[in-house]
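Scroll down for the structure; my scribbles are underneath it.
The letters A, B and C name the chains in turn, as written, and every chain counts its residues from 1.
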Amino acid sequence: MVHQHFRLVEPFTVAENIVLGDHRDVGRTFLVHTRAIERRVADLSERYGLAVDPRARIWQLSVGEQQRVEILKTLYKEARILILDEPTAVLTPQESRQLFGTIRAMAEDGRTIIFISHKLNEVKALADNVTILRRGRTVATLSAAEAARRSLAALMVGREVELATRNDRREIGETCLALEAISAEGDRGLPAVKSVSLGVRRGEIVAIAGVAGNGQRELAETIAGMRASTAGTIRVAGKKLKGGDAREAIAAGIAYVPEDRLGTGLAPGLSVADNVVLKSYRRPPASRGPFLILHKIRELAEAVIQRYDVRASGPDVPARQLSGGNLQKIVLAREFSGEPVVLVAASPTRGLDVAAIQTVHAYLRDAAEGGVGVLLISEDLDEIRALADRIAVMYEGVVVGERNAETATVEELGLLMAGGE
Amino acid sequence: MNNALLVVVIAQGIAYGTPLLYAALGELLAERSGVLNLGVEGMMLVGAVMGFWAVQRFHVTTGVALLGAVGVAAFAGAATAAIHAFLVITLRANQIVSGLALTIFAGIFGLSSYLGNDLDLAKSPARHQFQEVFPSSWQNLPVVGPIVFGQSVLVYASWVCVLLVALYLSRTRLGLNVRAVGDAPAAADAMGLNVSAYRYAHTLIGGAFAGVAGATFSLSITPQWIAGLTAGAGWIAIALVVFSFWRPTLCLVGAYLFGAFSYLPFALQARDYSWAPPPELSQSLPYLMTIVALVLVSSRAARLRFGAPAALGRPYVREER
Amino acid sequence: MIRIERRLEQPRWLSVVVPVVSVAFALLLATVVLVATHHPPLHTFRRLFEAAFLDKGALTETIVSATPLAFTGLCAAVAFRMNLFNIGGEGQLYAGAITGATVALLLGGAPSPVVIVAMMLAGAAGGALLAAIPGILRAFFSTSEIITSLMLNYVVALIIDYLIFGSHSYLRDSSGFEASVFPQGKTLPDSATWPSWTIQGLVIPLGALVAVAVAAGVWFLYSRTRFGFEVQVIGDSARAGRYAGMRTRRKIVAVMCLSGAIAGLGGASQDGDFRHQLDPRGLIQANYGYAGIVVAALARYNPFAVLLVAFLLGGLQNAGYTLQGADFPNGLVGVLQGLLLFCVLGGELFIRYRLRFERRHAPATESA
């Protein structure tokens, strides 16, 4: 199994990582025979085109090389079945091509390879058979040769759903969030967002569709000031932001519902009341000068609990004890209370039950009706089509297409999300 | 020749550095597995008192008595470390607080003094003590005499220990596993290693080494039982582990350097040098050098090459991976 | 097979019952130790209790022991609350004692209130400056504050030694023959003696009141101000702090300085309240800084609980001094303190987690 998140010991050499936990021949001896292991690793990497120096330390390697180490680990242990989970998510196109070469070589050796991917061209290029999973269920299994891209995309995203809730006609105002050729790096220092330009107008819900890991999280963090951009400018209501400063973004009126609710959006050990004022504690009524006004904070929290129907036994309960839906209600309530100009919501319904999802959707619509420009990041096309006015699709850090929500078809969007065009 | 300042300081630096070396080797093993144990001073004192007790009570020949005493000291140190291990590995307590608690529990106002008092050990000289092993003609050889041949068995044994620990960590499978457990417990767990077992074992071995370090004081350097006789050596040992970038061979060099620094003032005092720097300066150098070393390796790349094991001080909880 | 899992809810009663049971368990263990070494446990405990709180003058001495522990306990509590492990309270207390004594000697002629306030300020500044070093290193180079603050303890201990034993510094007493044979600090002027109040034989020094005021101040700061709010958030989740636009680095340095200042104040109180000179041996032997961390941990970093725990442990320590002698087990105080801490520390687990006993089954293996 090659995980998306590598299980490597960074200060170790490649050879040491490969032999770690190996319980056969060279690996079983008391002494570690570095030379012998390195020779074997070198042999394997030559045979399968996995160029990597067995003596290099992991932290010195690029992500692509680290992935080769993970694959070498399985080869070294003579695994017959390999599972690769979104292996190209962290690779450059050149590295991906090399990887495909390796995978073919391994298959020719009689190994079974399970390749998990959302990218159609990869699937078409590599696979013999394709199984499509949707919401934890097998939807179809077919041979890759006979599957057309379009039909695969349709199977991935599901049937066209009748949308009953699209009865809103909102006032669309002037542009309130303008991204001009924004680029940003991911956690590993590789480009994650590549020259994204996008505008959101007041009262409009713009969705960014795409499979997770295509730069959406990084884009959201850049807008919210938690990540510095490497190029481009962000304007809120016409005013240019310095960037990379969350406090500036908050002051400019950017509300942000982060993907990671408990830990980023909320401090898990702090009370509901504290979390309600996590951003507004600097201003009245939560504080006056340097002092907090606790009874006001309590009132604010009680108001939130009441108005948004948060199921908590009181404002003093630590956030960690609440359910996901209630946590999200608190985050949303707090972000709305800041009277934002723009609301960035990253996967706001992930992990929630149906009732909570409906509540979140209602909040987002309310926000737009109140004149807020909403940028919704989601993987769920049903959700996007139920809410958005415009849809931008992100693939590998780039906005690959923008569509009007009323005319876009699911097939077309699915194809864009899978990099099919 | 053999009275030259440099020779004397090196010879004594080795003698004074030996308990530091034992304690630091032990702490190094514990830290490599991811357990920070600030209770070194306490474990040393318990080792010192129990080792001394053994030597007073074992009515056998000198060699056997001393060997037994070192064994008892190691066991006592390991037993003390077991408290820390249980608290931080099984009960996931804060490693800093638990380590300090161990020092207080076992230290000068605690168990070691309690035992020393109760076993009535104070104020009597050791019945057996470690002495130079080589004939005096060897010891009188120029330069190498006092430095190499003028030491006690404990010094030579410590060289063997350094070698063994160094080989263990770099060349053996178990050593590789320990390093993985300390650097990336989640990866080690995924590879089927028992993280807790490795941590327990190395914390206990660390305690055993600290116990021997204490016995070095009560059976060789001092040699008698005085409450608190280690006088902060346990803390220097902790500094030494950092200073040597968690490497046993550098530990040896650092231990003798630190030992020499602590002996230098006495040597200078005895010789009446007019330009002698204040002893406090040379004594504070180990600590200052440790801080500087730590700052120097604080960039990410340097930290990965020279820095602390990545999971040092963090309890490992499986669900969190 | 015992499994440990996180509690979803932490019932209120647990945070009361668990510490009580922990303390009882510690006493039980101490009883075992005493019985095993042929000391009558009940008799020993009673004597300890009497020497700490009941005997004539015992309470006064207990306050003397408790005052520095309260300062160093607050010092640790302030920093640990933000997950900053400042274990340099020891050195920061020395630093405060040095600067406090220096200022007292320099201002000798000035009116007493001026000298006393200046000593407090100087002590706090000395501790804060020393604590700023690990703080800045942590904030800007991410160097572990644990090791750096620990190392500085020894550096300052050597500096204080040097000032009195190693040199003829301004702080050293150089009058007369005796002073040159037994070096000691210069006696501070009378104006630098902190006042105390006697209530029915119980002497309450100014330092103890300052400690109470500091505890109240810390409580207020951490529960009623924006600064304290930010410390709580960053301590709980640094990411949430960044999300809310907090300046994490500045806060690290500020909290370290505050923590050091409190310990430094404790050092100044040692000069003004009790020792009336810079007393290296006395300060270094007392180990206030390390004991303070124990106090803070036992108090679970709550400032008022720090006062209470400092009082109790101060009593224990005081009893240890008073009862030193052939018939009283030496070192029992440390053993008791250690056992208390082990049990309370271990007990924490039962507040956050619960144990589930289940039949041993094959451990879940993961295919690689």
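Here is the rule we go by: contacts are C-beta pairs under 8 Å (C-beta built on N, C-alpha and C of every residue); 3 or more make two chains touch, one makes a residue touch a chain.
Since we're looking at a predicted model, the values are computed, not measured.
Chain centres here are means of the Cα atoms, and by that rule the chain farthest away from chain C is A. Chain pairs B-C and A-C differ in how many C-beta pairs are in contact, and the one with more is B-C.
One finds 48 Å separating the Cα centroids of chain A and chain B. If you average the Cα atoms of chain B and of chain C, the two centres end up 27 Å apart. For the pair chain A and chain C, the distance between mean C-alpha positions equals 45 Å.
Within chain C, residues 368 each touch two or more of the remaining chains. The set of chain A residues touching two or more other chains comprises 21. In chain B, 190-192 are the positions where the chain touches two or more neighbouring chains simultaneously. Listing the residues of chain B that touch chain C in their complex gives 36, 38, 83, 86-87, 91-94, 96-98, 100-118, 190-192, 227, 232, 235-236, 238-239, 242, 278-281, 283-284, 287-288, 290-291, 294-295, 298, 308, 313, 319.
Residues of chain C touching chain B in their complex: 4, 6, 33, 37, 85, 87, 137, 141-144, 146-148, 150-152, 154-155, 158-159, 161-162, 166-167, 287, 290-291, 293-294, 297, 320, 329-335, 337-339, 341-342, 345-346, 348-349, 353, 365-366, 368. Contacts from chain A toward chain B in the complex involve residues 7-12, 16, 19-21, 23, 27-32, 34, 57, 59. On the side of chain B, the complex with chain A involves touching residues 171-177, 179-180, 183-184, 186-188, 190-193, 301, 304-305, 310. Listing the residues of chain C that touch chain A in their complex gives 8-10, 223-229, 232-233, 236-237, 239-247, 367-368.
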